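Read from first to last, the chains carry the letters A, B, C, D, E and F; within each, the first residue is number 1.
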Amino acid sequence: MSDLVKEFNEYRVRMNEVILSKNNLVMKRLWNLDTNTYEEGVLNKQTKEMLGLVASMVLRCDDCIKYHLGKCFELGITTEQLYEIFAVANIVGGTIVIPHKRRAAEYWEELMIEVFNTKGSYTKTLYLQRTFQHEYNNK
Amino acid sequence: MSDLVKEFNEYRVRMNEVILSKNNLVMKRLWNLDTNTYEEGVLNKQTKEMLGLVASMVLRCDDCIKYHLGKCFELGITTEQLYEIFAVANIVGGTIVIPHKRRAAEYWEELMIEVFNTKGSYTKTLYLQRTFQHEYNNK
Amino acid sequence: MSDLVKEFNEYRVRMNEVILSKNNLVMKRLWNLDTNTYEEGVLNKQTKEMLGLVASMVLRCDDCIKYHLGKCFELGITTEQLYEIFAVANIVGGTIVIPHKRRAAEYWEELMIEVFNTKGSYTKTLYLQRTFQHEYNNK
Amino acid sequence: MSDLVKEFNEYRVRMNEVILSKNNLVMKRLWNLDTNTYEEGVLNKQTKEMLGLVASMVLRCDDCIKYHLGKCFELGITTEQLYEIFAVANIVGGTIVIPHKRRAAEYWEELMIEVFNTKGSYTKTLYLQRTFQHEYNNK
Amino acid sequence: MSDLVKEFNEYRVRMNEVILSKNNLVMKRLWNLDTNTYEEGVLNKQTKEMLGLVASMVLRCDDCIKYHLGKCFELGITTEQLYEIFAVANIVGGTIVIPHKRRAAEYWEELMIEVFNTKGSYTKTLYLQRTFQHEYNNK
Amino acid sequence: MSDLVKEFNEYRVRMNEVILSKNNLVMKRLWNLDTNTYEEGVLNKQTKEMLGLVASMVLRCDDCIKYHLGKCFELGITTEQLYEIFAVANIVGGTIVIPHKRRAAEYWEELMIEVFNTKGSYTKTLYLQRTFQHEYNNK
């Protein structure tokens, strides 16, 4: 796994453990709720992750952006789709969003590079991408 | 048309005219670009308007929310889908978003009531809603 | 009840009903969680409402501010204490907070006036204020 | 004076009095400091009010915008200059700034109309505008 | 002292010196005022630092959070109390606050670890914690 | 060139290339528009860069601040002028802006140090500074 992706994920997991070990009930429930929010509903998972991503971009939270980029990647969002999400975020939120977009673009490239180095997951992701793009285009 | 919807639209049109009459080139181009952003691309119009809506909600801009609600309504987004967008905005943006959601909910109801009073557009909207929901569910 | 306070509360209740009638599960749970957050814990209710108020002020949400002002008032926070909370919000958040403070000051005065017109609740509130201030000063 | 301008100024003065009557020392000093900030320094007053205006626009505070519009108007900023400030705010802050710009444009028109109705101040303002523009262009 | 805490404090001191060496009067006064804001008043210091902390969290400023964590620690706020402040910030500000909470949690652990390595200050802090908790619980 | 300045510029250029290589038309146009915004108009370039800087400071975007600091430096803004811009940003945006000001102050010092190491550009910058200050004072 690329260092950027790995570091982000490891720090995230490690600190979440610290936080949840304090047994604050409100926070535990909020975090569960956070997971529920992005589950398949009348909107599908892809759409929900796109919503989470654009919200994170206009609020300019790099770590939130990285998290949703990871999810979008897993769910087969294509680079072309991603940049249309970036465009909405940039128009709504202004040029102040651009530095966050730079870091997002870097992270996305890392996710892509990783795929080329790990053949199994590459195949799987490509399959998802094709599938999603196909369905999407045939709507 | 409901007073709330009518007032919003009229004020918007009137002040846009004032602003554009000043011939500031940067602003003219930005506004054109704003229109282009939401046009059909590799993401469809519905998805882009949902992105615009969630971005407006977490940035807590009532007028931007109203604008995108109008567009979502025209494009056949259903109430159930809308509230899933609201849920993402509320989880990402926190309870600070709730007062804006109240005003959004009020505006959406007004858009709905309008439909019941104007049979022609009702039929058209319902058709769009059924179509979109159908396609969405069959993906 | 003063018109300002009454209107705020009535609109809030009415729109909350609309929103909750849509049965979005994430939002229902988030709202319950919101209530739990301000319940007595290792921090007392007064402190938690003060925290909610200062957070609402720096995020500049008038309706959130009004809600927490109502709660602070019920819990016996004094005007002098309130203005120290305002001062923190103003220093952290800058002069951009001032217009919200004006509306907050107006709402607080309305809450006060109401007390003088409703003797029963006046006595009760004064009692709470005295009690809280007393305990606070004797820590 | 136009109703919009008059209402804004009167509410502002009235609520400032309420706030300052509470004798919170931090807030009193902060407000004095606020006044000092915009006084002539190595940057002139016009530049400082433009800075205050653009900061208020990207932070999307309508009342702060109105206040600085009033000051910019008094100091002879022209409509053309104003719209270049608006353009910077719109590019940096994104389309989310547009609704605030609409209200700003409306307020500015009101300030202008007022001038045509009050000949004395009109002459004075025009003089300032010509002077400032002249000096600015000859730099 | 832990590296994280030490680096933060040293950079802060060094850059404050650079800034204040420029003799900008407005900034000098604002910084003095900042200090006054958190001094004992009708609200005690602990409450004021909690207010400063929650405001910094919802505005998502890591360095401001670290500063107030340091102060809260010195004043004997307990971990359990801290996480109730975190919960308010998380509910008001949404999941966008979570990455900042991770860094806050890490910093707090560093402050704690430091105490175990420096026996003198450990005793002093524990004393403050016990005292404050005791008084707080007996209100 | 100082490491801080060099790293910032190199990363910026490298990631801009990645982003623009994706051929998203909205983003390409927005970036062109961004450049146009700061070109000489009825407001001169210096004023526009100051506006961009203060907007970036109150929105607390470190990279945007660095970018405009670089531009302000090239255009001959003096340190004294810069700190008056900082003061406006600090008063409008509050103490939450201070950590960003620290990083801005550090970056400015780096830009200055660079000048002393590169005699040619030093002379040029000094000339610009004197010229601008002179014209500014004689307005």
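The rule is simple: contacts are C-beta pairs under 8 Å (C-beta built on N, C-alpha and C of every residue); 3 or more make two chains touch, one makes a residue touch a chain.
Since the model is a prediction, treat every value here as computed from it, not as a measurement.
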item: Candidate from B-D, D-E or C-E with the same interface as B-C, over half of contact pairs in common; value: B-D
item: E-F compared against D-F, more contacting pairs; value: D-F
item: Inter-chain centre distance, subunit B versus subunit E - centres from mean C-alpha coordinates, in Å; value: 41
item: Between subunit A and subunit F, centroid-to-centroid distance (C-alpha), Å; value: 31
item: Rounded Å distance, subunit B centre to subunit F centre (Cα mean); value: 36
item: Where subunit C touches two or more other chains at once, by residue number; value: 26, 30, 33-34, 37, 55-56, 58-59, 64, 80, 84, 87, 90-93, 95-96
item: Subunit A-touching residues of subunit D, taken from the complex the two chains share; value: 58, 90-97
item: Subunit C to subunit A touching residues, read off their complex; value: 25-26, 29-30, 33, 36-37
item: Residues of subunit C that touch subunit E when the two form their complex; value: 33-34, 37-38, 41-44, 47-48, 50-52, 54-59, 64, 78, 80-81, 84-85, 87-89, 91-93, 133, 135-136, 139
item: Parts of subunit F lying in touch with subunit A, wherever the complex brings them together; value: 11-12, 15-16, 18-19, 22, 24, 26-27, 30, 34, 55-56, 59, 61-64
item: Complex contact set, residues of subunit E against subunit A; value: 60, 79-80, 83-84, 86-87, 90-91, 95-96, 98-99, 101-103, 105-106, 109
